[in-house]
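Chain naming follows the written order as A, B, C and D, and within any one chain the residues start at number 1.
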Amino acid sequence: MSHNSFGHLFRVTTFGESHGPAIGCVVDGCPPGLELSEADIQPFLDQRRPGQSRHTTQRQEADQVRILSGVFEGLTTGTPIGLMIENTDQRSKDYSEIKDKFRPGHADFTYIEKYGIRDYRGGGRSSARETAMRVAAGAVARKVLGAGIEIRGALVRMGKKVINADNWDWDEVSRNPFFCPDAAAASEFESYLDGIRKAGSSVGGVVEVQATGVPAGWGAPIYGKLDGDLAAAMMSINAVKGVEIGAGMAAAELTGEENADDMRMAGNRPTFLSNNAGGILGGISSGQEVIVRFAVKPTSSILTPRQTVDREGNETEIFTKGRHDPCVGIRAVPVGEAMMACVLADHLLRHRAQCGS
Amino acid sequence: MSHNSFGHLFRVTTFGESHGPAIGCVVDGCPPGLELSEADIQPFLDQRRPGQSRHTTQRQEADQVRILSGVFEGLTTGTPIGLMIENTDQRSKDYSEIKDKFRPGHADFTYIEKYGIRDYRGGGRSSARETAMRVAAGAVARKVLGAGIEIRGALVRMGKKVINADNWDWDEVSRNPFFCPDAAAASEFESYLDGIRKAGSSVGGVVEVQATGVPAGWGAPIYGKLDGDLAAAMMSINAVKGVEIGAGMAAAELTGEENADDMRMAGNRPTFLSNNAGGILGGISSGQEVIVRFAVKPTSSILTPRQTVDREGNETEIFTKGRHDPCVGIRAVPVGEAMMACVLADHLLRHRAQCGS
Amino acid sequence: MSHNSFGHLFRVTTFGESHGPAIGCVVDGCPPGLELSEADIQPFLDQRRPGQSRHTTQRQEADQVRILSGVFEGLTTGTPIGLMIENTDQRSKDYSEIKDKFRPGHADFTYIEKYGIRDYRGGGRSSARETAMRVAAGAVARKVLGAGIEIRGALVRMGKKVINADNWDWDEVSRNPFFCPDAAAASEFESYLDGIRKAGSSVGGVVEVQATGVPAGWGAPIYGKLDGDLAAAMMSINAVKGVEIGAGMAAAELTGEENADDMRMAGNRPTFLSNNAGGILGGISSGQEVIVRFAVKPTSSILTPRQTVDREGNETEIFTKGRHDPCVGIRAVPVGEAMMACVLADHLLRHRAQCGS
Amino acid sequence: MSHNSFGHLFRVTTFGESHGPAIGCVVDGCPPGLELSEADIQPFLDQRRPGQSRHTTQRQEADQVRILSGVFEGLTTGTPIGLMIENTDQRSKDYSEIKDKFRPGHADFTYIEKYGIRDYRGGGRSSARETAMRVAAGAVARKVLGAGIEIRGALVRMGKKVINADNWDWDEVSRNPFFCPDAAAASEFESYLDGIRKAGSSVGGVVEVQATGVPAGWGAPIYGKLDGDLAAAMMSINAVKGVEIGAGMAAAELTGEENADDMRMAGNRPTFLSNNAGGILGGISSGQEVIVRFAVKPTSSILTPRQTVDREGNETEIFTKGRHDPCVGIRAVPVGEAMMACVLADHLLRHRAQCGS
């Protein structure tokens, strides 16, 4: 058991705080003989990197990843892959405001209740900075999965604004700063978020991640279900409050006839006529697209003062100046992709272990 | 790692198929010295037991649990608790229809793809019969948690029908066959489900589970988050397609101001003025009610024929006669409670290990 | 984590006490499609069964194993295999002597110190009765390993008496009641143990277990070493106090020249000219025979009164009447074989997961 | 599951190769609020550090440890502790000799068989360099255990030379370069090892590690036994071939009367009149000294040419020039202490989890 490890056979252990010298991770269980270099990882980190548009935090981090072990002459060796990113923008700052006051919506209060101590600089361990290592590990996981499996994420809701699924265009995702697959919605998102940001406010969002090319048979009953692991993976991302597979919460409103994904043959392979299941039946992949969505709550750091208390039990107010994402859902897109990749890589290995291929 | 175990320090391993001789589980890690007998477990099993009203499957199972180990002179000894329920109503039946055809929405196809073999009798391992052992383990978990923590569940949506939260009355839950906390809605559910059942159809539902009395400080960053574990727990229940904590998916629509749970003092303890967080901040309990909801899809077994294929690749049709729940969401209520209890018992022990109390 | 589970991918969880209604285990992770029935397991249980000669305890247990799940139409299905043995000879007995007194060498004192409670009937959970389930699980593990891997154990020392390795004859093992591979030594063991038994005494022993046919490449650095797992496996058997791989403790006395296992070619495969390594280099199998030895202490239950104390802190004496093995090392032979089988099956799956074959 | 992690609640994950840029580890599960700085760790690393006498390898490594996370204002925070040591003496060297030839006794052959690739520089991952991180983690574990538990190791055998236990003096251990507790034996070891070294040979050794102050009650049946975990811990150290608890392998030669550790009262606490059990009964600590011994084989790198084969299947010879320990058993002493500390820290937390103190 480990509170800071994820996965079983493709296993990622992360460490590091927002304002410590470095963050890092160990990727254990990676198969040998895969081509891997920093250049395979960096592009994914760059997608998540802050400070790339006015719509995300202005913290400047190069997020340059360094491989410390597990790769020899350009190939993975089967030994643990150590990855590290040095923190460079640990802006010297006056922490007196947040040192003793609990910021509502943040983990300040609960860390103190649990540990009796917390690194209050930039959120410490509870900072979303940790997700950089998830993205790095996710890049390794993609190598394990190979080119046949494609994992893509998109922001499908920003506050009250939702995309029109009929407009879905994966190419659009890289053309706007929101990972939005609907050009019209992206334009709406932009003006909407400008208003939110200028008001010192924030807003939630919904991310959808899809994986194509996943063969039927991955996952396992009962507590090793693919959807169970995806739920844990996504819910473990900072600020996530809900996770859905396929039809998701809406499945509750359907009848059996509406929900059934009928089967036909497509050549010599069974196929499905719809995908309410999100590609998973009985916890095992069906060969359809694996589809997961998760809701990210609005950033708790806003300029409007909120009522709170301090460590000594005094009632007080707090508002959070500084560099924040008005919609953390945006940067959660590459993180969600990475978690999907890690879960699938783990299940590839788990399936191969028991069933031999 | 185990595909059939749940939890880390309070660890449950289940076995058994729908139509095998017995189902069972091993509860490992239970603290010593707790009073425990079959009489502590049976009432929870009776809540989940089929055949108690016309609204659930007519399979008749006594679900009599037997403690095989780990209890001596009425007290837990700290050694593993073996629990077993013999299957009594394995109705002799003609399985020729489902032996070779894949029932849409069931795990038939994916089990064959994974294992190349499946026990097709009543769904085998993928049957919700396995959840009886979760309920049994949950009863043990409640002993670990003690009387100060109360865990209660309710059905808050049945298909298109939702409860009115203003009418919420926990006492009502035991007065209707739907675990519905709203008497008016329960009445609606009844006629609605009669129609569904008579049509040979089925419908989904949403279950909400609440835990009161959970102290602040349980859970752990980063991959041991209380909400991450709850998400995995609930998503691992048969037919669940979505999990929410607190505001859940709706958190995506909120602004930071709307979502913030402001803090004040209540006597000498901090308190919160709302609970969008569902009692969990940064993966750690805040001392508020822990609130989780999950969506259960409609039973896939319906009388309307569906298009499918068989193992030989022939296109065909199937419909499922026999004993089925028109709304499996109902019997998922005690299962959801049990999973909440197991997650909390595990985190009680995990917290005590690291933080000493 | 689980205190009562062993292995990772081939994972065994046991439960049950010496004088409870039953003992059992769950074998999780077994590959699908293997032929398995009670008849595959029973012969190994019969080897370990008490009461078969005057040299072992006279407790009479049929040790009839029952498969409760995970097998369908004679084949494993990939779902957990539940196994159970009912305890039949729970001789009604006066436990007043051992209820409150701590038997030296037994776990009586430490169980009370740990748990504050203990099932004193026949040793409860600390009884070697639990090893029956190891043997049952080992029989399943052998199925996973297939016919190409042979696992055999032998008693190579009984107290002061040792075998002559030059006389080693595997066929001899089944011809005497000691699993002794040396006919001359077996004869010595017999008269020696008769003397020990008649004196109400007991004596230790050394068991050697060998596995042939293990391919090179199983095991893993650093904490998943094959020898590390074998050491844990054997040391977890009741009464074991030492474990050796290959040259074992004697390796400390060798020079580098003496210890080196030189390599040559045998046809187109590398081979070794000696096997001080016991078939394991760097934690990974070399393709040679895997050889492990372990020391079993003498049974602590003897007729000579020993000084002890009771739960109230009074100094007193105790001696243990009843049915005991004068040399528990004998019945440890099939247990050691079973643990070797379980470790190897686990590593077969772990290797296949990471390295693909 | 992780091949490169050790422990459950006090969990150490290591990474790094002998000649990569750095080695490191993550210590997860450490309780919060413990004083910790590099100065607490460095002295233990210095004990293990190479190049301190003519009796160990002349590789020069400062082994300066750096804490990357998990400590704030001098106290542990409960979040993962990242530790790193940069490799500084990666001597540029001609590896053509060992690149394709398998060194007998090393993991060269088995790594290639397993992974199809190996980092041959200085042994790569199979180098004992990894043990530096064990020592670092062990220093953290000592903090968890507190001042009441003392862990000390000693070299009690070097090849044919053994200490006289009657001369045991812990103070002597730091006065000679062998961690030898017997001044007379240390003198013998010196001339003996000079001869070995000058001959280009090597020799094995036996290390004993003792822990005092361990309370009764740590450890757990059946597969979480304290001795089982110690056996795995010690066997996982490079070059170890045997592990003993208490009387160890010699227990096989004893009768029940000789082996029994009788009990008496010492004031109001039970005590034992001998310690053949090595402080562990039924897998649980008895309150006596916990005593483990392990055998380290002679260094496989010697100057005498050995017969071997190369990757292409040619028969050839190899001898290993360069910097090697003539008796790796010496530097295994601080490593053995560290593993004892890690096992005990893990069991402290595990015991507290289940039993509450």
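We take it that a contact is a pair of C-beta atoms (placed from the backbone, for glycine too) under 8 Å apart; a residue touches a chain by one contact, two chains touch by 3 or more.
Treat the numbers as computed from the prediction; the structure is a model and nothing was measured.
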Could you check which of A-B, A-D or B-C has the same interface as C-D, with more than half of the contact pairs identical by residue number?
A-B
So how far apart, in whole Å, are chain A and chain D when each is placed at the average of its C-alpha atoms?
39
Give, as an integer number of Å, the spacing between the C-alpha centres of chain C and chain A.
46
Residues of chain D that touch two or more other chains sit at 1-5, 8-9, 14, 29, 32, 78-79, 114-116, 125, 221, 350, 355
Specify the contact topology among the chains shown, as one of line, ring, star, complete or other.
complete
Flag every residue of chain A that touches chain B in the complex, lowest number first.
1-6, 8-9, 14, 102, 104-107, 109-111, 113-116, 125-126, 130, 157, 159-160, 196, 201-206, 215-225, 227-236, 238, 240-265, 268, 270, 272-273, 276-278, 280-287, 295-302, 304, 306-309, 313-315, 329, 350-351, 355
Quick one: in the complex, what on chain C touches chain A?
1, 9, 29-32, 78-79, 221, 349-350, 352-356
List of chain C residues in touch with chain B within their complex:
1-5, 8-9, 11, 13-17, 20-24, 26, 28-29, 32-33, 66, 68-70, 72, 75, 77-82, 84, 114-119, 124-125
